[in-house]
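Letters are used for the chains, namely A, B, C and D, taken in the order the chains are written, and counting of residues starts over at 1 for each.
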Amino acid sequence: MTPQVIILNGGSSSGKSGIARCLQALLLPEAWLTFGADTLVDALPAGLRDSGSGGGIGFGADGSLSVGDTFRALDEAFAVGVAAMARAGARVVVDEVFLGGPASQDRWRRALDGLGALWVGVRCAPEVAAGRETARGDRMTGMAAAQAESVHRGVVYDLEVDTTHTESWECARIVAAHMSLM
Amino acid sequence: MTPQVIILNGGSSSGKSGIARCLQALLLPEAWLTFGADTLVDALPAGLRDSGSGGGIGFGADGSLSVGDTFRALDEAFAVGVAAMARAGARVVVDEVFLGGPASQDRWRRALDGLGALWVGVRCAPEVAAGRETARGDRMTGMAAAQAESVHRGVVYDLEVDTTHTESWECARIVAAHMSLM
Amino acid sequence: MTPQVIILNGGSSSGKSGIARCLQALLLPEAWLTFGADTLVDALPAGLRDSGSGGGIGFGADGSLSVGDTFRALDEAFAVGVAAMARAGARVVVDEVFLGGPASQDRWRRALDGLGALWVGVRCAPEVAAGRETARGDRMTGMAAAQAESVHRGVVYDLEVDTTHTESWECARIVAAHMSLM
Amino acid sequence: MTPQVIILNGGSSSGKSGIARCLQALLLPEAWLTFGADTLVDALPAGLRDSGSGGGIGFGADGSLSVGDTFRALDEAFAVGVAAMARAGARVVVDEVFLGGPASQDRWRRALDGLGALWVGVRCAPEVAAGRETARGDRMTGMAAAQAESVHRGVVYDLEVDTTHTESWECARIVAAHMSLM
């Protein structure tokens, strides 16, 4: 089934957003939207944006993330909403960080039930992702290294790309080529 | 019915986003998400972001906006998705610009069918909105004046607020007070 | 002497940046640049951006700011540099927060020695500034209230504007009108 | 002479800003500020930000840039100001695009007279820079390719780095290692 949703999963600074934007350019004139973990975090009340204990999402000084029950429920509803956009005809590249590993994937699987989905793992060597985090300068130090491997554990993909030595543009071409073979 | 979705409609620089963020703060511990026209525009492929003729959304030098068929279809799917988030339990403040006036409202009405919705008009005198557009410095000059009145024509509200002489925070309190009476 | 530098001093969320952008628009075709406290903070190494104790600038949970020796020295050099731009022919609107009150003003006075300077106080009632801080959603809660009055203590101005009930655009016109009379 | 100013010159999306931020992290506890072409563009009146003909800076649909007389004069004053910050004790990484090639370098040379300066060329293969421009999604398409080689013609460096196959972090280490040998 031709995918209606592409789910990119990878750690912070692994290059997911760059691949998503390159995919959008490559897949034109088909119009693919892109949403992701950052879309939801930006949509939160400010008071839940740095408060894992208060039910929201919290950023530890070491780059760790803690996630409260309120955030988890909103995250579930967000996935349901993105799936509904796809059922209504929009094609969507989802740019995600599976903090819960296979549990996060199950959440999206339930939401996307009946839709064609392409699961893509976006890997990057932890030390390279950490260097890119420093180069970006707008993320908590430590998130890249903390998430680089943990978000992939137990997750099953249709294909994986690795940005350690491959540009976002090339990774996007690999994903697009895979789609044309489906 | 207690609203699950609050729809703020107003022109560019009328103060909708500020009211949305103040509502989020006021309504805590209830966690309200906020999405809007900007969320969708940011999610578009770059190639559709300044191309009304190409089916996307185009920004005229005079502050006018042109909207193509592709954008219109995505916009419809976006509303369906936001409604699905609300049905899945998330409460949402929608921050919108009804470029199509009553047709835009009908689109949201269909999407929100069966949900409790509060329709709020956010007005601002055109010359004041234009001054705020200059003060922000990140919007096309002319959008505020072009949209200030046109987006309200034929639209029906539960209540209206006017930011010309009233702060966002006060407008948000008026909306929240109205909700507690429903 | 016609001013070559306009120094706007006020607390966080008092409306300085909006007035600066409106002044830039009003004073065209004269080309005025605008720099300020945010320019310097953005130019800092990330490691000094939230570390008052490490010599940089630190943001307390209550909206207070602590400033270390390293930051103070860079701040001094920054003022000297902005003054040198003005001596080289650029006109500059400085958008500042005098955390040190009169000591901050003295620092700028020394730097601007021999240049025409217009000192403008930008006031805003603390509760209104706090509401605008919530509406912006991108600043530490509490900074607006903490700075609203303290940054003006002991500072001497050529004129003052108050954004509590006056739009940025109007405040900018008042400043521009004052300049044409000098 | 130990450099007080590091000048990174390269085309759009060549990776200069990332190298600048990595240098800031590597050189701590020395506090290096970073300013660049974007600092000046952000400081311009909005009316000069897309108007090459009006004396400001203009962005062509093909990624070309046109620069007017007003912009050129402000650019000169900006360099003088940055140099004055360095003379006042701040160390500065300048992140620049020499649109005028050797003429741009001469402008900075005059401004930095008497200061220790390290001239670094930041190269990137045009097709790779173009892919990164697409991945960023926030720059005019075509600027990366248009500038990749032209900004280096006739410019003389102390050292050059190439981000085509080398991470920003590694490039920053090469620059820092060179400095420790001076």
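By definition in this document, contacts are C-beta pairs under 8 Å (C-beta built on N, C-alpha and C of every residue); 3 or more make two chains touch, one makes a residue touch a chain.
Keep in mind that what you see is a predicted model, and the values were worked out from it rather than measured.
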Query raised in the report: How many steps does it take, at the fewest, to get from chain A to chain C if each step moves to a chain that touches the one before?
Result: 1
Query raised in the report: Can you list every chain that touches chain B and also touches chain C?
Result: A, D
Query raised in the report: Out of A-D and C-D, which chain pair has the most contact pairs?
Result: C-D
Query raised in the report: When the centre of a chain is set as the mean of its C-alpha atoms, what distance in Å lies between chain B and chain D?
Result: 39
**Report entry** CA centroid of chain C to CA centroid of chain D, Å
**Finding:** 27
Report task. Determine the centre-to-centre distance between chain A and chain D, using the mean Cα coordinates as centres, and give it in whole Å. Result -> 32
Report task. Can you tell me which residues of chain B touch two or more of the remaining chains? Result -> 21, 25, 46, 134, 137
Report summary line: Within the complex, chain C is touched by chain B residues 15, 17-19, 21-22, 25, 128, 131-132, 134-137, 167-170
Report summary line: Listed in rising order, the residues of chain B that touch chain D in the complex are 46, 134, 137, 141
Requested in this report: Show which residues of chain B lie in contact with chain A when the two form their complex.
Outcome: 21, 24-25, 27-29, 31-35, 39-40, 43-48, 55-56, 70, 73-74, 76-78, 80-90
